[in-house]
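Consider the two complexes below, in which subunit A is the common component and subunit B and subunit C are the respective partners.
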Partner chain A sequence: MMQAVLGSGGLRRPESPGLWALAWRRFCRDRVGVASFLVVLVFFGVMVASGLSLVAADWAREVGVNYAPPTFVGPGTAERDAVASGSPRGEKAHEPNPADPLADVLSEIREKKPVSRGDTDIVDPLADALAEIRAEKSGAASRAEILSATLAFGGDRWGRDVLKKVIKGTETSMFVGLAAAALTALLGTLFGALAGYYGRWIDDFFNWFYSIFTAVPYLLLILAIAAVLNQKGTMTVILILGLTGWTGIFRLVRAEYLKHKVREYIQAADAIGASHARRMFVHILPNVSHVVLVQLSLHVVLFIKSEVVLSFLGFGVGVDTVSWGSMLNEAQSELILGYWWQLAAATIAMALLVTGFSLFTDALRDALDPKLK
Partner chain B sequence: MFAYVVRRLWQTVPTLLGVVLLVFFLFNFVGGDPAYLLAGKISNPEQIENIRRQLGVDQPYAVQLWIFIKQIATGDFGVSWATNEKVSEIFATRLGPSLTVLVPMLLIETLLAVAAAMLVAYVRGSLTDRAVMIACTVGQSISILVYIIVFQYVLAYQLGWFPVQGWGDNLAENLLKYSLLPVAVGVIVSIAPNTRLYRSFFLDEINQDYVRTARAKGMGEGRVMWVHVLRNASIPIITNVMSQLPGLLTGEFLIERFFSVPGIGREVLLAVERSDFPVIKAVTIYVAIATMVVNLLTDLLYRAVDPRVQLK
Partner chain C sequence: MNPEILLGVSDLRVDFRVDAATTLQAVKGIAFDIPVNSTVALVGESGSGKSVTALAILGLLPKENSTARGEVRYAGRNLLAAAPSELQKVRGADISMVFQEPMTSLNPVFTVGFQLTEVLRKHLGMTGAQARARAVDLLREVGIPEPEARIAAYPFQLSGGQQQRVMIAIAIACEPKLLIADEPTTALDVTIQRQILELIADLQKRRRMSVLFITHDLALVGEIADHVVVMRDGEIREKGTAEQIFEAPRDAYTRALLLCRPQLGRRPKRLPVIDDFLNSSGTVPEMPERSRGLRGDEEIVLEARHLGKSFYSRDGLFGRKEFKAVVDVSFKLAKGKTLGVVGESGSGKTTVALTLMRLHEASSGEVLFDGRNLLAISHQEMMQYKRRIQIVFQNPYASLNPRFTVGQLLMEPMQVHRIGASESERRDRVYKLFEEVGLPETSFFKYPHEFSGGQRQRIAIARCLTMKPDVLICDEAVSALDVSVQAQVLNLLQDLQDGYNMSYIFISHDLAVVKYMADQIMVMNEGEVVEVAGSDDLYRNPRHPYTKSLLSSIPQGWRGPRYFASLGRNETST
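Up next, the complex of A and B:
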């Protein structure tokens, strides 16, 4: 898009603006669209910076006490006492809740709660690895750092900074959304182009394929594939989402190709001897790319939401990766103990990005297709 | 009409065959040898060979596929690998709780969303309209997980208005006690996207000429909206509601899991966790069949709502 803008912005000769230049101008007039675009850009920047280890590279370091409460003013006396006694704040803040059906279980959990780190009653699959890392660390730095009693945005069960976890989770969740949407757009466009352009039995075949994938509810299909793959990981999630989500784009692109292939400019291309592939991807594709772009953007939002659900259920990213879904999973049990900050952090980050992306998609559609509305 | 139904049913055969092939491919090629899954860590080759024979995976693929098709036709998917319960038994007992939650959810949500959409479409462009749309956009962007976690924590756990989770034995108790909060959460989650969608359907109709004509001949606003606009907007709304019907069979995965509703959704999640392939296979096939039947019903309903529609 940028190239098109720069290209048509040259002053050499008066040139009628192309589709992209016009769309960009319309987009710039949409204040909500520009604002949401900036939000998306900021998140994208965070994702890239985190991916390049420029920020939050040390997210796994334990910088605070367990469940360090969020505050900007630094620890008060209550927190200092809590640190001195080796247990996090909030213990005595718990008043018995008369409606609490879990009261007995909870008081039991609280009594058994980790006094020294790593000594929880919950079985941690990485306990050995963590112990090793901790031993290494204490050997190297002789554990000189003092764990702070509070963190600006709170700490998790291991005293890791929630802000850094959110940044890391943003990287994972957004990358999964973008990559899966790119894969889906690629497949949907390719299938749609082939089906719409060639027609006949190729069209029949892809329509059959389409009807199969739409006959099974989306989430059920994803779960079934997750069950047979039986392995976790960022790549797995991207593949699952990307390989199942192409149906919507396929249908729209196919319809566009049906419309375009009989137009005069394609007949002209045929007359000058352009090959089928050239006609499909050099001549028609630029004319339908606005449809693909809007759909791509829609699918990013859909896939971010799906990834969060998958990771929450434990079928998503691996145990050593942070995503918003895995954060929400931890936050669920933390909330009962009164530690709300990880839930709030993951929720706010996700709501911001998804709202921004949705509004950006609306603005994009309005800018690219002014006939709508 | 009859000829149409027969032809449509005939057309579903290749699709159904495709779904069968897809499921067969997934579970026999992608999934690896189920015998290793079943045997677990402690197993010798003999045991594995035994399990393979029991499951029939030592047969040629054509035979296995034929066995699978026979299972679908007879509805006998054998027993769950995890619990040895008959798969048909699992469905029979889990469907009730799923429907107890989902049917009220679907009814309430549809009524509320249609009413809200009609209202905001009527006052389109006003402050109310914009406020509702912004609320819907933001509400939609928060994960369903957050709604469930927060509602369960605040309304059930902190305030004690609802049971945190659980399920009873009789329908009345389930409906009036245990399903209240799950239904409320489900309605709140789905009302935002549907209000947005239905609003666009109403807007498409409100600007039509027939609405102007109706007003011009002095028809009351209530009649214009409720009789003329609603009936015309109901076609896409029906499509959307009908498309949610097959979901009644799969249950609401997350809500059932959180609130311990012993429904199909929770069973599917358990099956995925335990690699309980027969259960997943059966659900996938039956829901695919249900989807096709519902699609046919939807087309027949169009005809009832809009006499102009020709079934070809």
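Up next, the complex of A and C:
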């Protein structure tokens, strides 16, 4: 036998291109597909590096003045003043706004303010504690001085680097998207395979189950499950999305199984004595895997967006984690004050990944579906 | 005598662009003429370029990836160079076409009458009432019963043969001078095929038109053609009058096509294959005949008693409608012998096979094998019997899992049934089987899509052999194969039977093939067995009227000039 393999191997490549190899070749011919694949790969690398704390591990440190503008914009006058005078962070210099109808009143109040503060005689009950803290802080006072006026892509309310936040947010959002899509694909494929292969009452059962799930409005369902799980966190978001999203994949996989189970090659497998499980997962599954794979990547995109929506609504990840959704949530109040960079950073990152992933998915579908060729 | 030429093809070349680097030459410079008022047959196996030639004549080839060069002369101009609008006038009015699949050629959402009158109104400018009257006439002419009622029928309400008749009615509606028929009877049963052939021959005679008849079946052509053109790989191997082709074929390939098919009158030990003709000087040594039949004292391996299978469809809210696919089928299969099962589509022959193996659960009856009733035992018990009864399916493109390598396909049954002590021992066996069924050793790591139809059927047979079955069911195992490949696979099956002393149940609609392979033949019609007899007996002396009509429908090949035409004339005169 070995001889036979060696003999044939010597003459020609023993492995001939399988269907996956052919698909890969087709994929490589699609330039947009390859470019988007590279984008997805970069994001994946960022996610892994961030997950292993190789980058952006110190995202929560205050490294800049609050709302530090991006370096390419340059430090604003207000920030420069703030750094120079050491006045409480977070307040802009009070330039009178000519359009403000209350401008006069405001300036009046502002002029009065220092006077009134000096007049109070109330004893602060926390004065001692405060003094202690101040003493402690004075030791580290030098640190306040090295807070930079500008950051690579700006800073947030607490002077945290937006770029690092985006990287950390990428980790969270992408992990949620991938894990939830994997869970969805697993559930959808399993249910679809069982329902499509066995038919009869098993099919009826899953179809009823499916109908119930799809009868509830999507957002309401998500909020209901969030309420039941009753705790915030990345795992919760994954569970919410994974448990609600399997319906579409279920229908598609079921249809594929219905089609394939009556094919002759499955009858042939039955004739040689292959068991039900073997026919279902060894014979049919590889033949429908392209459907699952394409759905998987479509759902990654969908869930990344869903996570953003959930976090924006406040049902998403906890306060101690950062995701694109929570960044956008913060950005909504910042934008009024004119600090656009957090919004821009999260949006650009999300748009890049979602567009890249969608194009990648399209290319993948074209490469894997021989019918289109 | 130089007959007037209706359409002349000269130096026709058709190229298909597969991708940027490769072009496929489908037709490589062919030339033939279609004389006025005659039938020309274009014969060839799959991939010979015969259908492409027809499409090129009509200008129906896809413009994006194909080019046709050369000349197609019709009424003083070259159709290949004609403007699209000019071609459109010629198509349908002067030249029309009938396709292979009547079920897909008719639009399912329109009535037959609508599709017929549409042609009449568009090309002949008839009014609605005129067109309708003409449509009824046409339907009557092509032999549709009650044409006044059937004109309002939808295609699905007609049988396959009737649908093909409607297609022919549409094709001849504008009184074309040339009718191109592309395998018009291949999808039909033998008895229907005969009727359609008679119809085409009759119409040709009556309307004095020419017919270009495209087929893979040389025997069919012998009955209706005046001229025969034999094609292979895009080239013409031989052309001439039917008489010359059948009486004195000059080309080795033509001879091979004539002799590779099993003939009713003879049963050589081995069928000649195409290589015998092409490699040697073109003469094949005479083979000793094989004698078939049962002596009556053979050991019986498998016996079916009163087998029945019903399918149910929902009828109303709670009702079920019963459809009896198989009714009370009993037979015995002797060791080392072949039971042939013949019948037309829907006769239940495949259902019998699937029921025997419990791929379908039988509704009634029993199957005795090794003293056990296979239909009554549990699935666990059935496992050990499963490997001893195996099946080769009709379509070699569908019966092999496309995601498995050939090695995996052949190893799987041995793994499932724990045949062979180790993986390497199993692999040894696979390589031995490759040799036995005539596959190269390199097949082990290849995927099914890299093989031709004949090779795939060899893979399917090898897969059955891994389990050393006692009974092998061949369900139309050679029907999807070309004539030359069919002979090779039949020889292989015969060699294997001689070697392993297996019993075969050989199911086919092709009576010549069954006659060649079987010792005993069971004729089925509408789920019932109408006749069981020894194979020579059955053909010599059929008792049941259905058997008789089946046998008389077999294309006989060359039977003298214009056999059908004379037949058609007799019919119309009576």
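General observations
By definition in this document, the second predicted complex is superposed on the first by the 286 of 373 C-alpha atoms of A that agree within 3 Å, B and C clash if a C-alpha of one lies under 4 Å from a C-alpha of the other, contacts with A are read in each partner's own complex, and residues count from 1 in each chain.
The rule we apply is simple: a contact is a pair of C-beta atoms (placed from the backbone, for glycine too) under 8 Å apart; a residue touches a chain by one contact, two chains touch by 3 or more.
Just so we're clear, the structure is a prediction, and the values are computed from it rather than from any experiment.
In the superposed model, A:Trp246 lies in contact with neither subunit B nor subunit C.
Set side by side, subunit B and subunit C differ in how many residues of subunit A they touch, and the one touching more is B. Of the two partner chains, subunit C is the only one that A:Gln267 touches; subunit B does not reach it. When the shared chain is aligned, subunit C comes close enough to touch A:Pro286, but subunit B does not.
In the superposition on chain A, A:Ser211 makes contact with subunit B only, while subunit C stays out of contact range.
In the superposed model, A:Phe360 makes contact with neither subunit B nor subunit C. After overlaying the two complexes on the shared chain, residue contacts for A:Leu229 are found with subunit B alone; subunit C is out of touch. Residue contacts after overlaying the shared chain place A:Leu219 against subunit B, while subunit C stays out of touching range. Look at A:Trp24: by the touch rule set out above, it reaches neither subunit B nor subunit C. No residue of subunit A lies at the contact with subunit B in one complex and also at the contact with subunit C in the other.
The touching residues of subunit B, counted against subunit A in their complex, run 14-16, 18-19, 22-23, 26-27, 30-32, 37, 137-138, 140-146, 149-150, 153, 157-160, 163-164, 246-247, 250, 253-254, 257, 268-269, 271-273, 275, 277, 280, 283-284, 287-288, 291-292.
Those residues of subunit A lying in contact with subunit C across their complex are 1, 4-5, 7-8, 11-12, 14-16, 18-19, 263-265, 267-275, 278, 283, 286-287. Interface of subunit A with subunit B (complex): residues 97-102, 208-209, 211-217, 219-221, 223-230, 301, 305, 308-309, 312-315, 324-325, 328, 331-332, 335-336, 343, 347, 350-351, 353-355, 358-359.
The touching residues of subunit C, counted against subunit A in their complex, run 354, 357, 359, 383, 386-387, 390-391, 393-395, 398-403, 405, 412-413, 416-417, 424, 427-428, 431, 441-442, 444-447, 449-450, 460, 463, 467.
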